[in-house]
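You will see two complexes here that share chain A, one where it goes with chain B and one where it goes with chain C.
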Partner chain A sequence: MKDFGFNVQPDFAIDFDRNDKRITEYLAIHEPSLNLCIGCGSCTGTCTAGHFTPFNIRQLHTLLRRGETSRLKPEIKKCMFCGKCQLVCPRGVNLRNVILRLNRAIERIG
Partner chain B sequence: MINFNFFVLPFFLGLIYLLLTIGKSWYRWIKSLPAIDKVKFASGIRHPGQVFSALKEVFLEALIHRRMWKQNPLLGYMHMSFALGWFLLIVLGNIESRFYSGTHLNAPYYPIFLKFFIHDKLILFFEVYSVPGIFRFIMDFLLLFILSGLVLAFIKRKRSHWFGMKRTTTHPLTDRIAITCLWMIFPMRLLAESYTAGYYGNGGGFMTQPLGNALVAMTPFPSDFVAYTMWWGYSLALGLFFVTLPYSRYMHIPTEVLLTFFRRFGIQPKKWYSSLSETEVHSCSRCGVCIDVCPLNAAGIFDSQAVYFIRGVRDNYVPEKITQKCLVCGRCQEACPVGIHTDALRLIKRRELNSGQATEYRYLSENPPKTGTVIYFSGCMTHLTPSIIRAMKGIMTEAGIEFIHLDENRSVCCGRPLMIAGKDKQANELIEFNKALIKQTRAKLLVTSCPICYRIFREEYNIPIRIQHHSQFILELVKTGKIPLQSAFRKIVYHDPCDLGRGTKIYEAPRELIQKVADLIPVREEKGHAHCCGGSLGLFEASSHQRKLMTREALDVLLENNPETIATACPLCKKTFLPESPVKVMDIAELIYLAIPKKEAISTGPVPNPSSGSVSVQSHQELSF
Partner chain C sequence: MLNKQRILIIGAGIAGLATAGALAGNGFEVVVAEKENQTGGHTRKWDRLFPSRRPGEEVVGYLENNLNGVTDIKFGVTVTGVIRNEAGFLVQFSDNTSTTADALVVATGFQVFDAHIKEEYGYGIYENVITSADLEALFREGKRLTTSEGKHPSRVGLIHCVGSRDEKVGNLYCSKVCCATGVKQAIEIREQLPECEVFSFYMDLRMYDRHFEELYFEAQQQWGVNFIRGRLSECSENPDHTLLLKTEDTLTGRPLRMNVDMLVLLVGFIPAPGTREIAEMAGLQVGSDGFLNSLDEHFNDNATTVPGIFITGAVKGPTTVVNAIADARATAQQITSWLKTGH
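Let's look at the complex of A and B:
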């Protein structure tokens, strides 16, 4: 194949009907404070793990809402639980419990 | 002489059942001790000194209720009247019965129902030489003693606030049955003994005889059948109580004895649910002392206090939410009259719940740090309160100390936040990483600003260097005259952070420091009884609003004496108090930094920092909060 210096991107469409929303629903029940999120990204800005690796809680939240569980699973393991995100959150989202519950949901659903 | 009547059967069978059940539990608990504890137990039981000291503690705590007396004299008296009164009643009843039967071996029911079997005016041989009727007097007195406690217990059920308790435990059905039986025992004994004494016209003491006479006079057809019915009632109440005891909170009575021995022999709580934990759980009397001290009350959370949590553990049913809904601040542990390690138990259950969650920390990598003698580890929380870091740097520069700021640009968490969530294995990955980093510096002293880090450094790191919280470190600097101080503040209250105070028992160092620069005014509830600020990393299941309510409650107590400033020694406490407090909130390091007399070197320009040239120490005026 001739190298044109760029690639053809594969199709990327989010199919909400096919995505697995079980984790999203589990979290909506057990830690509803996540709904308060305005996506300001303070959590990501202060994140301890984020200083070492591209770990992005705000992005994870987006993935969660879309139900893209497969991308969520490997990422969530990087959290160190230090709680800085929760302290800087202007909306009072109970973030440590969000991560803990996410882990639990992944553990149970697999 | 055979003394037997069918009415003794409920008591007798109940007693046999009780003894068998307790024996079985004790056997199981001792047998399932971890190997190292078994050795401790075996060696302890062979030392008369240790056994004696354990017995002494059993006497002081299980009978006299010394700790309870110190906390609440009314409750202390109530418990003592039941425990000591009943104990003496049994012992003296046994001695009395021996004089009557003339043998050393009585059936166990004989002394209990002595007045049923014996109703004559026999004066015992030694009473002739001392005081006639002394036994009758003592037995009546003891019964009155217990009954006075019973009245108090009844009032406490109905009006707990008269006893200084805002809330009492809500008990399940088994406990309520058991308490009803327990409360029936002594009034039934009083009735039975009195009526018998009244009917036969003798044998009673100062209380039972007149009461018996009155009762007989009131009955239209006095007969020994009435007395007999009462004796049945007494026996039934005893028997039922004995049968329900192992399944109710009263199991704490026999279990506490074993627990005292375990503790005296040096058996420590483990990280997993060990035999000691099981004994502790069964030793909980559900008195509810832990309810009033729990900061969660302020947030309107009433279902996860230690007493309910421990009950859940005992019944093998703890909802996930209850386990996670706790600040792990240790206030209940401080107040518990039995000394149950409530925090350790909570963490054990969290480990069972959360330890399986996978983590992935392979991304961690750090450039080799510089070498030196002093490490400053600020910790994640201190990164959120940079004024503390500035103050610490300023103080160390003032004292002329060369230090390595280990987590200047980015930090790896110390691991305690993971551990408090029950993820020990995962926390150990971080601990190992940090340990390697600390080792590379070849330092002799590790100073941290965060009590959370400080606690885990001391408890879990096992590194061969000195570890100090900055309050200890600064105090040492001040004492050795490395930093001059002048009094710079007026009224200051000090808030004890949970992990520094109850966690690592450092109460005095921060106070000494404050006293050097200000007037420290006392707080109503301080040191071991200090409130949690509400920001604790131990709490998972609570909204930010509920946390704020707890913070306000803590602030209300701190502000009672109108201080100008609240001082604390924890960046998390500071961060939590700041938005809610009407007065200034400052860390110890900031206070001391501001109290250093101004010199030209500091006030005129940036001071070259030994650890990094880029960060300059700000002057006093610039340090804003």
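Let's look at the complex of A and C:
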């Protein structure tokens, strides 16, 4: 076959309708405070793990709420569970429980 | 008229002054009680107002010149008692005097959020952290922004939402004016110190009112002010007294560190001290945010659940000078109608 120099790129857009939202729904039930997030970035700004590795807790839980969970499993392991993110959150999101529940959901749902 | 009806206004900020002038102009006898020794409240402290940059003092001066013969302004007094009787109200003051009144207006305004409470931002701990109110005081004195080392800063950070939109300090509400104040002050710093870089750290820029967005545009286009969408998580002091800021640059999705020479905290509104006590004495409803509630936000926004007691200006929550004056005029109109017709 002739090579035209094209290849098929995976879709970069968030395909909200097709995404598997089981973990999203699990979190919405077990830690509804996540829904109060206003995306201010305080959690990421203070995160111990995020300053040394490309780990971004705000981006991770925002993606999660869109049903984007493919990077969740390797990423969430980087969290050291120090709780600093929760201390600074202006909306009182219970981030430690978000992370705890995420780990549990990954165990169950995979 | 044999017995002129008398109205007592508590608080001589712009809301109280504008209400007083309008009521006196309508022929009522007006008495004002002010806890400080001058009129104007906070507006007198602001060097130049957004968005027009008219001096705060000029607005206060205009309202003072239009008091239409308000009979009495009592300075240095607070209210210690409010008694309702058939004739109206008997109000007692901290200097042991009292007055009767047919109607009362609570115009006690607000108080600036105490930035010490947000310890992680270092106000009162680090020398180069100031508030927007401190900056206005400096501008008013005609001084230039100077670090604790006596140098002009080469980079200043402005932090939005200090004490507002923050459940950790118990204030969920937005203070409405600090975005515009911050953008105005960013421009003023650049005007004063053209070599100094200015960075604003915000969550949302609420430039909602007329001419506000244009001010934002001007800040970017004419003054090169930089805007970073991220809320300050931490501020720490370096050995040379400069400040290390930690935030997330949410638009790039990466944590961001930046050193600045000075930090300006854009402090929000909290209810004025004493307003709650007045509300308790008079039986007024206090909202969950600590500001006073009106009878009906659409149709009776200056009356309260107590007939004859009215509220106006920032005592009802964060507001701009323009809106406080408009509210005051509406209050005077409502009171005039209430005294004449009973509703």
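The rule we apply is simple: the second predicted complex is superposed on the first by the 99 of 110 C-alpha atoms of A that agree within 3 Å, B and C clash if a C-alpha of one lies under 4 Å from a C-alpha of the other, contacts with A are read in each partner's own complex, and residues count from 1 in each chain.
Throughout what follows, a residue touches a chain if its C-beta (ideal position, glycine included) is under 8 Å from a C-beta of that chain, and two chains touch if they have at least 3 such contacts.
All of these numbers come straight from a predicted model, not from anything done at the bench.
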item	value
Per-residue contact with chain A, leading partner among chain C and chain B	B
Contacts of A:38 with chain B and chain C, given as first, second, both or neither	second
First, second, both or neither for A:24, with chain B first and chain C second	neither
Chain B versus chain C as contact partner of A:59, first or second or both or neither	second
Which superposed partner A:46 touches (first chain B, second chain C, both, neither)	both
First, second, both or neither for A:107, with chain B first and chain C second	first
Partner chain(s) touched by A:69 [first = chain B, second = chain C, both, neither]	neither
Which of chain B and chain C A:81 touches, first, second, both or neither	first
Touched partner set for A:92, first chain B, second chain C, both or neither	both
Shared chain A contacts, counted only where both chain B and chain C touch the same residue	46, 51, 88-89, 92
Interfacial residue positions of chain A with respect to chain B in the complex	33, 46, 48-49, 51-53, 55, 74, 77-84, 87-89, 92-94, 96-97, 100, 103-104, 107
Residues of chain A defined as touching chain C within the complex	38-47, 50-51, 56, 58-59, 88-92
Contacting residues of chain C [partner chain A, same complex]	120, 161, 165-168, 203-204, 229-234, 246-250, 253-256
Contact set on chain B toward chain A in their complex	324, 354, 356-361, 363-365, 380-381, 383-384, 409-413, 417-418, 421, 423, 430, 535, 537, 540-545, 572, 575
